[in-house]
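Note that the chains are named A, B, C and D in the order they appear, and that numbering of residues resets to 1 at the start of each chain.
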Amino acid sequence: MSGQDSLEALRDALRAFAAERDWERFHTPKNLAMALAGEAGEVIEHFQWLSGEESAALPEPARAEVALELADVLLYLVRLADVLGVDLADAARTKMRINAERYPVDKARGRSDKYDRL
Amino acid sequence: MSGQDSLEALRDALRAFAAERDWERFHTPKNLAMALAGEAGEVIEHFQWLSGEESAALPEPARAEVALELADVLLYLVRLADVLGVDLADAARTKMRINAERYPVDKARGRSDKYDRL
Amino acid sequence: MSGQDSLEALRDALRAFAAERDWERFHTPKNLAMALAGEAGEVIEHFQWLSGEESAALPEPARAEVALELADVLLYLVRLADVLGVDLADAARTKMRINAERYPVDKARGRSDKYDRL
Amino acid sequence: MSGQDSLEALRDALRAFAAERDWERFHTPKNLAMALAGEAGEVIEHFQWLSGEESAALPEPARAEVALELADVLLYLVRLADVLGVDLADAARTKMRINAERYPVDKARGRSDKYDRL
């Protein structure tokens, strides 16, 4: 995938992966949204009994396991965006602009109370 | 962000966004994992009463709303990977290789029964 | 637990279970909310590749496995309500009344479009 | 519902609620599992930026809002169990017995490391 943008490369690789296995029929947005949520649930299970500090100092091999769970989330997210015809990088840039307007630096500084989004 | 890889550009933009707002203290892996799961839950709510077919033919403005929810998932995912020191694109490529070995084309073709992952 | 209300019996049993193991320190609302979401994610993984019809005709032992996942959700939910001082049965009855007002029979009949809640 | 067991009363009330609105067709296990996960995601969003201590000292009206979110989780959970033909209270008691064997008091005391379940 060298040279290609990482999100576009993943999108193309996942498209080919599904096509080769005749899995497109299972890849409705509904099903992929469920798979995405299931993987997000697996990420959370790694952190549920840890303090914030412990979660920031994850020892190996736990960190490597979490890395693969994050990968699962990304794969389903990229695939879901693709079947919906959504340009994920573009949507993320749009959302960053919305967040910058919603949380201006001078008002948001150091406060989490009015803060629901990144 | 032109010219830069999309995931790296998002990582850098989110790092700056958090630093400017003094939000790094809230961005423990534990908290970000929760935010990720919360956003995945918002994605799922768009699809829960739709059939698979309806989910694949989402009208505007629903599709645009979902695009921004997918963006939220991506932003938290990229930020979580960053604070964990995980290279997300690299983890995704590793996971793709694992999946290719786990689901060889000739055995996986058209079957969802043995199939829990992309 | 015979004779006692099922939700109250579970609450008491879980309280004793945590106390005997000195697990109360782990049972913050934050941690229990994460555990609840993680278990809900496990429930969803059972259904993600099934059609609606298939999900309604789950063969054994899948159905028995799902039953234990639902139990996990209930246990964390009851424990979370307990540490928050929430009377779960009372909250559920209140929510049922709200839903009955929000979705009057004559307007809601057979429509899922305006319908986000039970 | 007075006198009746709380879980059984909720099950019956939800069954009637769905029947009156002709919503049974939407209540496949697949759809209800999604709704359950979506509601669990809403619970988690209340706690994601709070410390464990803050989550245990939730001020009103936040606590009352969370109570209604917990109610939503319970309503979908009870309805999902019903359409699957699962006796939820019975499954919970079975799971409590399994947990008691899996986490004997003398080995589990004060440790969260080997502990993934209640």
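FYI, a contact is a pair of C-beta atoms (placed from the backbone, for glycine too) under 8 Å apart; a residue touches a chain by one contact, two chains touch by 3 or more.
All values derive from a computational prediction rather than experimental measurement.
Contact count check for C-D and B-D (C-beta pairs in contact): higher for C-D. Here the CA centre of chain B is 26 Å from the CA centre of chain D.
Averaging Cα coordinates per chain places chain C and chain D 2 Å apart.
Multi-chain contact residues of chain B, defined as those touching 2 or more other chains: 26, 30-31, 33-35, 37, 39-41, 44-45, 47, 49, 51-52, 112, 115. Taken pairwise by the contact criterion, the protein chains are fully connected, each one touching every other.
Chain C makes touch with chain B in their complex at residues 30, 33-34, 37, 41, 44-45, 49, 51-52, 112, 115-116. Within the complex formed with chain A, the chain B residues making contact are 1, 5-8, 10, 13-14, 17-18, 20-23, 26, 28-31, 33-37, 39-41, 43-44, 46-47, 50-53, 55-56, 58, 63, 66-68, 70-77, 79-81, 83-86, 88-89, 91-96, 98-100, 103, 105, 108-110, 112, 115, 117-118. Across the interface of their complex, chain D is touched by residues 26, 31, 34-35, 37-42, 44-45, 47-49 of chain B.
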